[in-house]
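Sending over a structure as C-alpha cells; questions will come in a sec.
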Amino acid sequence: MTALFDSFWPLLVLKVLVIAAVIPGVALVFIFAELKISAHMQSRIGPYFAGGRWGWAQPLADGLKFMQKEDLVPEDADRPVFKLAPMIVLMGTLAVFVIVPFSPKLIVRDLDVGVFYALAAGSVTTIGVLMAGWSSANKYSLMGGLRAGAQLIAYELPLILAVVGVVIQAGTMSMNGIVAAQIEPVFHLGDFAIRLPFLLQGQVIGFAIFMIAALAELNRTPFDMPIAESELVMGYLTEYSGIRFTMFFLAEYAGMFSMSAIAATLFLGGYYLPGVPAGALDWLGPLILMGKVTLLVFIIIWLRWTFPRLREDQLQSLAWRWLIPLALANIAVTAVAKVVF
Amino acid sequence: MAPKMPTIPGTGLLKGMWLTLRTLFKKPVTINYPKEKEVPVARARGVIALDIEACTVCMLCARECPDWCIYIEGHKELQPPSKPGGRPRSRATLDRFDIDYALCMYCGICVEVCPFDALFWSPEYEYSEGKISDMLHDKERLTEWLATVPAPPPLEKS
Amino acid sequence: MSDQHLLAMHHSEVQVSVELETPDVTLNLGPQHPSTHGVLRLVAKVDGEVINEVEPVIGYMHRGYEKLAEVRTYPQIVALVSRIDWVSGYASEVPLMVAVERLMEIDPPARAQHIRLVLTEMARISSHLVFLSSYPLELGAATPLMHSLRERERVLDLIEMVTGGRFHPNFNRVGGVKPAAGAGSDQKKVVQDLPEGFSQQTLAAMDDVIGVCDDMEDLVLGNEIFVERTRGVGIIPTDLALEYGVSGPNLRASGVMFDIRKTDDYLPYDRFDFDIPTGENGDCFDRYHVRLQEIRQAARIIRQAIETMPEGDLQAKVPRIIKVPKGETYVRAENPKGEMGYHVVSEGGRGPYRLKIRSASFSNLSVLPWLLKGQLVPDVIAILGSLDFVLGDVDR
Amino acid sequence: MTESPSEVPAAPVAVGIAERYGEMVGALSTSGDFATPRIRVSPESWVDTHRTLKEHLPFFSFLSAIHWSTEVAVGDPPEEEVEERFEVFTRLSDVSKGEGVIISTDISKDDPRLPTLVGVFGGANWHEREAHEMFGIVFDGHPNLELLYLPEGFEGYPLRKTFPLLSREVKPWPGTVDVEDMPSTENVEAGEETGEVEGE
C-alpha cells in the first residue's frame, strides 16, 4: 500500500481525483453561503425549501435542474468553440489547485515556480471567457467577452506585481516555501518567537492590491462588467444554459476558492496558525487554511452585495493609474527593506 | 440642497459595508411562504363571494362591470302565495352567475353597485389555476367563498 | 475633481474611440432586457461601447386607454387609470376625479380631500422607493433593492388597509372617496372610512421610511463607486427639459424649482409645510438625490395631514348616475413621475367624449435620443434608469 | 384660498390668463371655463403662436387632437350636431406661477394638415407622431412622421370617433338578459332627481 502511494503516477491520479471531487463540493458550499448571506444582508430568509432545514440542498437542486435542461447551442454559434469554452474555464480554475498547499504534505505538486504557475493557470480562464463571448454569436456575449479580455490585461499586471513583493520577502516561488517563510520567527521576545504572516510583515498594500485584482479576475462586483446583468444581460453567459452554464457557475465559485486559497497562502500564512505545534499541522492545516479561505470568501461575497459596479473605463483607470504604480512602489519598498534588514 | 458627502475617501464604501453587515444579523422580514402565511387585511380585494339568496338577478353588476366579465342568466318562477288565498308571486331565480377571473380587474365596482348586498369581497387569494378556462368561477364556487368573508375592520375613532 | 472636469474627461475618452472609425453595430436593448423595466426597446448604433445614435421604440405596452375611456363611464375609468402608472396607481386617479368634479361643480368634503392627499403622498413614497431600489440595481448593486422594497411594503400595506388594493386602489369616486362597500352577509354595506390603527401605523411607517432614506444615503448616495458612476452623467439642460416637457423630479434635478403641488390646487397642499428639493447639475446623481429628498418631504406632509385629519363625510352629494355636463377642462397633478394631466371633454354623457391623458413618463422619455448620443453603453443604462419611467405611463 | 382650498378656482382668473395670452398672439377667441384657460387660433398662425408664447410659457405639456363628429362608432355622440373636423390642441405652461393655457386650432377632416412644431418645441416630436397615427393628421415638416405606438402596417386611425372598438364589437354585452325589470330602476331614477347620496 505504502509502496503504491510512494510511486509517482498512482499518487498523482489519486490527488487529481480528490481535487476534482472536493473542489466542486466546496464550490457548492460557497454557492449556498452566497445564497444565504446575500439573503440575510437583504432582510430575506433565502432558500428554505430544498433539503428541509435552511434549504441546504438548494445548490444541489439547482445543479440537478441544470443537468436536466436541454443542451442548447445557438444556430450561428461556433459550435466547437462554444462547447469547449466552459471546459477550459473550469479546467483553468481547477488547475490552480495543483500548487495550493493544504498542509506540509497535502499538496499535489510543490512546484519551484508555484506562484508563477498559479497565476498562469488562473489566466487560462479568461481565454475560455473570450471563447465563450466570441463563439456565442450574440452581441451582448461579444461585448462581455471583450470586456473580460480588457479586464484581464488590466488586472493581470497588478496581480502579478502584488505577488512579487511576497516572493521577494520569502525568497522563493514555491508555495510551501512561502508558507515556511511565514513560519520562520520574525524576531524573539525573550524565549517567545513571534511568527507573522506576510500581511503583518509589511505586505498590507500588496494584499489589498491582490484582493482587488483578484475580484477583477473573478468578475465579481464591483468589477463584474463582463457579466453586468443590467447592461449586457449576462454578458458571455447569455447564451449558455444547462450543464454548460453549470460549469461556468461552478468555475466562478471554485475560482473564488482558488484565489482566496492563494491569497491566504501568500499573505495570511496558509495552513499555519501561530500557536499550533508543527506536528499537528498535517491534519489541522487543511482546516486552518479553509478557515482563512472562508473568511476571504465571505469578504468577497460581502463586497458583492454592498457595491454597485464600476464602468469599464473607470476600472481601467483604477488599474493603470492607481494599482500598477502602487504595486511597483510596493515592490521597490519591499526590495529595499529586504536588502536593508 | 447639496447632499452631504463623505470627506475621507473610502468611508462611503465602509459605511455601506457596515450597513449590510448589520442587516446580516437582523431578523429577516420575509416569511417562508407556503408554510407560513401573511393574513391579508380585511378589506383586501381577493375574490368575490356571492350570496345567492340575496341576488335578484337585476343585472346591475354585469352592466356596470368595465370588463364585462360577469355572466348572469335567470328565469322567473311562481312562488306559492305567502298567505293562504293571496296572489302567487313571481320571483327571479338565478340559473347562472359566473365571474371570469381571467378577465376581472378587481376594481370592485360590482360589489359597490349591488343594491341587494349579494356580492362581497373576500381576501382569499389562493385560487390560481393551470388552465385559464378554470378561472371562471360558477355560482357554487362563488358561494363557497362566502364563508371566508371577514368582518369589516373597526373604524378609526377620533 | 470637479464635475465639469469629470465630464470633460469622460467626453474626451468617448472622443478617442470614435476616431478609430470602426463600422457601427446595431444593438437592440430590449424589448426584453433586464434594464428596460418592461418592454422598452432601444435600437442603438454602437461603435464599440459608444452609442452613436439611439432610437427608442415604444408601444409594446400600448393599451389604448384614451379609446377605452370613450366607451366607459367615469367610475369605470377610475379603475382603468390606476393602471397607467402602476407603481403609483392611486396618484393617477386623483386628477381625473378633480377634473370631473370641476365639470360638475362639486366640492369634495375636507376629509375626503385629506384622505386623497395622504394616499397620494403614500403613492409618491412607494413610487420613489421603487426608484431608489431599482436604480442601484441598474448599476449592479442588488442590496438597496431589498432594503427599500422592505419599507415600501409597509406603505403598500397601509394603502391596502384603507382601499383594499395595493397597486390599483380604485378608491376615488366623483365627489370624494369610496363611501361604502359590501362586507359580508351579516354586515351588509359598511362605510369605507379609515380603519382603526391607520394613523398610528402610518406615523410608525413614516419613521421607518425616513430610516431607510438614511440607509440609502449610506449605502448608495455616499458610495464612491455610485458617485463615480452618476456624477456628470446624463445631464439634462434646463431649457431642453422644458422644451421636451420633462417634468417632476427630473425637471427639479435640473435646477427648476417647480412643483404643481405648490402652484395648482387639486388637493389642499397649501395647508402643509414642505420644501421642494432641487438639484444643481441635472445629472443622474441629482435625480437620485432629489427623489430621496422628496420621500422625506412626503413623509413630512403625511405626518401633518394625519395630525390635522378633519372629520366629516367621505363623499359630497352626487347623483346616483354620474352625468357630466358639457364642457372641457384640463387638470394636472404632481405625480411621482411628473406632470400627470387629464383633458376631459364632456358632451353631457356618462363617459367622456374624449379623454386626453398627459402622462409624465412619455415626455420624460422623449428626451432620450438627444440624451443618449455619444454615451457609453453602461452610461446608457445609468441614464435610462435615472429617468424613472414606467412603460405603462409611457404607452398608456 | 386659505379658508377653503378645495374651492374650484374662480373662472375670472382663468379668463384673465386666457385673454392676456390671447391678446399677444391675436387669438380668434378665448375662454376660461372650468378654470381652464383656452385660446383658439387659426391654423396659419399655429407655429407663430407657439413661438411667441414660448418666451412666457416655456414648458411644453402635450399636443393632442379631438375628432369632432356627429356620427360616432364608440361612446355617446355629442349633444348637438357638430361640424366634422379635427381640433388640434397643445398646452403650454410656465414653471413659476403655474399659469398655463391650452391653444387649439381647427383643421378640416378631409385634408388634416398642420405645420410641425418640432422647430419650436423639440418635445412636440413624439406627440405629433402620436397624433399622426391616432388621427391621421399630417404635420408638414416633421422629421420622422412614422408610427409610434402601433405596429407596422396598421390600417386606420384608432382615436377617430368613426373607428370601432373591436373588443366591444366581438362580444355581446353580458348585461342584455332581462329577467325582470330592474327592481332598482325606480330607485335610480328617484335618486337622480333628488340627489340622493349613494350608499350612506
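Chains: A, B, C and D, in written order; residue numbering restarts at 1 for each.
Heads up, the rule we're going with is that a residue touches a chain if its C-beta (ideal position, glycine included) is under 8 Å from a C-beta of that chain, and two chains touch if they have at least 3 such contacts.
From a predicted model like this one, the values you see are computed outputs, not experimental measurements.
A.B. asks: Select, from A-C and C-D, the pair of chains that is joined by more C-beta pairs in contact.
C.D. replies: Looking at contacts between chains, C-D has the larger number.
A.B. asks: Relative to the centroid of every protein C-alpha atom displayed, which chain's own C-alpha centroid is closest?
C.D. replies: C
A.B. asks: Rounded to a whole Å, what is the gap between the Cα centroids of subunit A and subunit C?
C.D. replies: Centre-to-centre distance between subunit A and subunit C: 44 Å.
A.B. asks: Using Cα averages as centroids, what's the distance between subunit A and subunit D in whole Å?
C.D. replies: Whole-Å distance between the two chain centres: 63.
A.B. asks: Go ahead and note the Å separation of the Cα centroids belonging to subunit C and subunit D.
C.D. replies: Here the centre of subunit D sits 23 Å away from the centre of subunit C.
A.B. asks: Return the distance between the CA-based centres of subunit B and subunit D, expressed in whole Å.
C.D. replies: About 35 Å, centre to centre.
A.B. asks: Tell me, which residues of subunit A touch at least two other chains?
C.D. replies: Residues 41-44, 305-307.
A.B. asks: Which positions in subunit D are in touch with at least two other chains?
C.D. replies: Within subunit D, residues 187, 199 contact more than one other chain.
A.B. asks: When you check subunit B against every other chain, which residues touch at least two of them?
C.D. replies: 13, 16, 19-20, 23, 29, 112
A.B. asks: State which pairs of chains touch, listing all of them.
C.D. replies: Every touching chain pair, ordered by label, is A-B, A-C, B-C, B-D, C-D.
A.B. asks: Within their complex, state which residues of subunit C touch subunit A.
C.D. replies: Touch residues, subunit C against subunit A: 10, 13, 25, 27, 33-35, 49, 136-143, 145-147, 150, 219-220, 223, 225-226, 228-229, 376-379, 381, 385.
A.B. asks: Quick check: in the complex, which residue numbers of subunit D touch subunit B?
C.D. replies: Against subunit B, the touching part of subunit D is residues 171, 173-175, 177-180, 182-184, 187, 199.
A.B. asks: Quick one: which bits of subunit D touch subunit C in the complex? Just the residue numbers, please.
C.D. replies: Within the complex, subunit D touches subunit C at residues 1-2, 4-9, 33-36, 38, 58-62, 64, 66-67, 74-79, 89, 91, 95-98, 100, 102, 121-123, 125-127, 134, 147-151, 158-159, 161, 163, 165, 168, 187-188, 191-192, 195-200.
A.B. asks: Touching residues of subunit B toward subunit D in the complex: what are they?
C.D. replies: 56-60, 62-63, 65, 68-76, 90, 92, 112, 115
A.B. asks: If you look only at subunit B, which of its residues touch subunit A in the complex?
C.D. replies: Contact set of subunit B toward subunit A: 13, 16-17, 19-21, 23-26, 28-32.
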